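Listed below are the structures to be examined.
Next come two complexes, and both contain subunit A; in the first it sits with subunit B, in the second with subunit C.
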Partner chain A sequence: MTPVIEFAGVSKWYGPVLGLRDVSLRLAPGITGLLGPNGAGKSTLLKCMTGEVRPSRGEVRLFGRVVPYDDVFRRVGYAPEIETFFEELTAREFVTHLAVLAGYDGAEAARRAEAVLIRVGLAQALDRPLATYSKGMRQRTKLAQAMVHDPELILLDEPMTGLDPLARAQIVTLIQSLGAEGRTVLVSSHILDEVETMTREIVVLYQGQLLAQGNLHAIRDLIDRHPHHIVLTASDPRALGAALARLECVTAVRFDGADRLEVETRAPDACYAAIPRVATETGVKVRSLTSPDDNLSAVFRYLTTGARGAA
Partner chain B sequence: MSAMVPPPNDRSAAAPRGEVHSLSYSRYAGPRRPRSAVPWVVARYAWRVQLRQRGVKVLLLLGGGVLAISGAVLGFAWSVPGMTGGGEADPVRAAEAQAIASSLEAQFIPGFLLVLWCGAGAVAADLNAGAFQFHFARPVSAQGYLVGRVLSGAGLAFALSFATLAVLCAERLAFGSTPLRMALTFAVGAALVTARATLLGVVAAGLSSLTRRKGLAQAMFAAVVFASSFVTRIVAAASDKPWVRALGLSGCVDARAAQWHGTAGLHGALAAVPLLACIGWGVVGAALAWWRVSRAEVMRG
Partner chain C sequence: MSAVLAVAKVSLLRAVRRPSTWWLSALAFVPALLGGWMGALGHGAMSVGAPLLIDVAAPLLAVPWVAGALGEVFERRVAVYWFTRPVPRWAPLLGEWLGATAALSLVLVLGGAMLAVADALTGSATIGSLFRLPAAMITEAAALAGLCIGVAALAPKHPVSVSIAVLAVTEAALPGLWAPMQSISLSRQVGTLAGVDPGASIGSLAGTAPSPSTLTAALVIALFCAVPMGLGARAVIDRDLG
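Right, the complex of A and B next:
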């Protein structure tokens, strides 16, 4: 099956500044988070897909066609990071205009624009000039114009910036619904929690390089150099800790307070399997078991720190 | 007894049985506009915005006033035998040439101001606002975008000159020109009016693409139009070489109009100067705009 997005050895230099370095990746339908700190190359990667930036080396393919290819852009929706645009138009005019540019006739474009603006929560402000919009409303408008032509691939550059918590939740739900409809959604962000609420599929960029790609858990498993931490609350943490410390998969045990212990392991699966057995054998009651590492922040922190260390 | 006919919206009757329907995303399969429509789409939305602006309304009123005055004055002059073209071998032809020249000259200032307002800052404003990202993530080519910007920049100026030409030609029909000759005059006039507006629009778009600052782009455009006009006039007068005047941005089209009437005074190889100047201005403006858009890395293959 042809991947929706395919980068083959893509590098991009802005003069002496490196934007992307030898990035190769393939993405299938669904939601994928594009992660990286500011300046990592996220926007450059997205712009390579929209044809706005031409790779200095390598090839970008969307739906099997090399970008730039005009017909491909009928199938792509893109919400850039910029905040000011077409200030003199109303949201309805702006989105309708871009729908017409995507090939719809005026009536169909107007119908679609209204529907999509209502879907992103701008029903009350359709006919207000964009100049009067708040940051959050602009984000919704950008999202609407990216969706209005019913694209199969939606590229969102920092779509949560400037949104209040309620709006964030709404946009997350909206993005999840786009993914559930079978579209390919690539969401860039440097805020890790945001992405984690939307998807477990991630691409991590750092200093223009592809640092990791895949399922968050799979990536986590691949990082065998990175010790995994499991925090337990138990009735007798010292007894449990002593028993766990004898396991081959456990590299360290730390006690934290009267009922908590933290286990460090380089083989999380084996450790998770062993904990219930050890608890039964020692007669210790385990009240909770969590992993502070099992989130995007930890993976991202580790990956970027590792990359810096290696550099 | 009549057979039961299922209503049109009866899904149980319409849907074939024994099939699994995909609930996944399916592409819109309806009609789409051809890519050749993109310049019109870009221009139409720009015009919609322009027509809301007070400055544009004022300039259109100014142009309308110029049209009304030109129509009244020339209509009066043409209605009085011998008042115009008395010294010409063919007074009717002289009056027809006057119709073309008036539609170019009388509307030059309103037209220039409209291009200055609507076109000279358009690409700069798009660059500044990041509008390229919205346009070029769609099936919009750089060529389509630039043609749209030229259309939107020069469209209203063209409309003013064209309306003036149409009114004056209609008046000429009433005052002695034959329909055939008026059709020829109108066609030549329309070509010259189109050339004037296109050159102003292309040069405005080219200069506009050199900067992100709208005001600077407008200042550059005004400077180029007036400097080229004044410099070529002064040099032409000082050196007694009238062909130099045809090198100016406005002078090249005026010279083409005079050539049609036979009053340009350019002979031999110099007769090609106005046309070459028109082409030169157009190429330079288009090349500037193309170069800038290419640098913005939005060129389509």
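Right, the complex of A and C next:
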């Protein structure tokens, strides 16, 4: 079967700056998360698909044909990461305009625009100028314009940025419904947990390189095998540290200053579950709990230095 | 074609809703007011008002209105919404040109008509002259819109300053250095079509100014529009947009 998206040895330089380095991948229908820290090349990868930028080397194929080609955008919807629109228009006018450009006549374009704006949750603000829209409403409008022509492939560049938790959950549900309809959805994000709620299939980019492609669990396993650090500030870190050190999941405890301790573990989920219980048992007040490892950059650092390609 | 018209319609709508459009539009009526006043004093409404409208007000109106607005669309990457639709990349530029020409024409024709009426009321204008200036303003609107859109596509970071620089070269620097170069002056050629001679005000260091010709005027105005538009279209087709 022809993959929906295919990159063959794609590299992109912006002058001396590397955007993508020799990326080859094939994606089939369903939702795929495109993960990487800021500057990893996620937007460049998406722009190569939309023809916004052309690869310096290699080729990109959508539906089996090298992009850009004239009709590709009948089958592709794209929500870029930019926050601006034609600010003088209302959401209805903006999305209708883009539907007309997608080939629909005025009446059908207007009908589709209204339906899709209602679907993304903007029913109450259809006729408000875009200039008055909040960040969350802008994200929804971007989704609406990407969906208005019923595309088979939808490319979403950081669609959760700036959304509150409720809006985030709604957008996740919407993206999941697009995947369930049999569309191919590629969602970029730099937040692992965000992508995890939508899909198990991921592509990981770091410094322009494809680090891993496949199931998210494989990456999670890597994270779990890699020592994970949890930093706590507590009223009595020595008492808490002594209690935590007795746990099987804890491999090391270090003290840092008067009220901080750092716990090292190879089973972070078990450790996170145990900390409140241990704190209660010892009567120690935990004031904060953070993990310097709980972000993609840490995962990528690990992947690049220790286990590249293992996922 | 429907895509071009759709972009033109939205371009007009956006222009109408921008507050800056309205106060910029007021510029187009200053020459008529000043011309009428000078006409009442017996100095000739057209001889003062027409050069002011053609040489000063029209470019001052067009550059921020068209080049500024479209440059922002490119610079802030809003144009990506056009270029990720199944339409050729030149189509939105053509639509923007149509929309900008329509909007600019409306304002400049009104300004020109007011000036022509002022001239008729205070001088000895013929019926024909009532129509020549407004008609010439349409050609100037089309040419300036083409220039500004081409420049915005070619130099989206600095569309206003580059447009002003281009106009400074074609309208003042080159004609000022060598009189035959007055042929490339848009304002001179529009003046020819309007039946006034704003080019006479350009003092050149050397050479003799070519005599006005309607054919030359039409050709220069068409090139003034088409060359930047063509280069701009080539740029958006060929270059990376991201």
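Structure notes:
In this text, the second predicted complex is superposed on the first by the 218 of 311 C-alpha atoms of A that agree within 3 Å, B and C clash if a C-alpha of one lies under 4 Å from a C-alpha of the other, contacts with A are read in each partner's own complex, and residues count from 1 in each chain.
Quick note on the criterion: a contact is a pair of C-beta atoms (placed from the backbone, for glycine too) under 8 Å apart; a residue touches a chain by one contact, two chains touch by 3 or more.
Because the structure is a prediction, the values reported are computed rather than measured.
With both complexes brought onto subunit A, simultaneous placement of subunit B and subunit C is prevented by a clash. In the superposition on chain A, A:Phe86 makes contact with both subunit B and subunit C. Judged by the touch definition given at the top, the superposed model places A:Asp269 against neither subunit B nor subunit C.
Once the two complexes are overlaid on the shared chain, A:Glu108 sits against subunit B while remaining clear of subunit C.
Of the two partner chains placed by the overlay, subunit B and subunit C both lie in contact with A:Val100. Using the contact criterion defined above for the overlaid structures, shared-chain residue A:Val76 touches subunit B and also reaches subunit C. By the touch criterion defined above, A:Thr44 reaches subunit C but does not reach subunit B. In the superposition on chain A, A:Glu152 makes contact with subunit B only, while subunit C stays out of contact range. The wider contact with subunit A, measured as residues touched, comes from B rather than the other of subunit B and subunit C.
The superposed model puts subunit C in the path of subunit B at one of 7-15, 25-33, 133-141 or 169-177, which is 133-141.
Overlap of the subunit B and subunit C interfaces on subunit A comprises residues 47, 50-54, 70-71, 73-74, 76, 78, 80, 82, 84-86, 88-89, 93, 97-98, 100-103, 105, 145. Interface of subunit A with subunit C (complex): residues 43-44, 47, 50-54, 70-74, 76, 78, 80, 82, 84-86, 88-89, 93, 97-98, 100-103, 105, 129, 145.
Those residues of subunit A that touch subunit B in the complex are listed here as 29, 47, 50-54, 68-71, 73-78, 80, 82, 84-89, 93, 97-98, 100-105, 108, 145, 149-150, 152, 155, 181-183. Contact residues on subunit B toward subunit A in their complex (touch as defined above): 23-25, 27-28, 30-33, 35, 38, 41-42, 45, 48-49, 52, 129-141, 296-301. Subunit C contributes residues 2-3, 6-7, 10, 13-14, 17-18, 73, 76-78, 80-88, 240-242 to its touches with subunit A in the complex.
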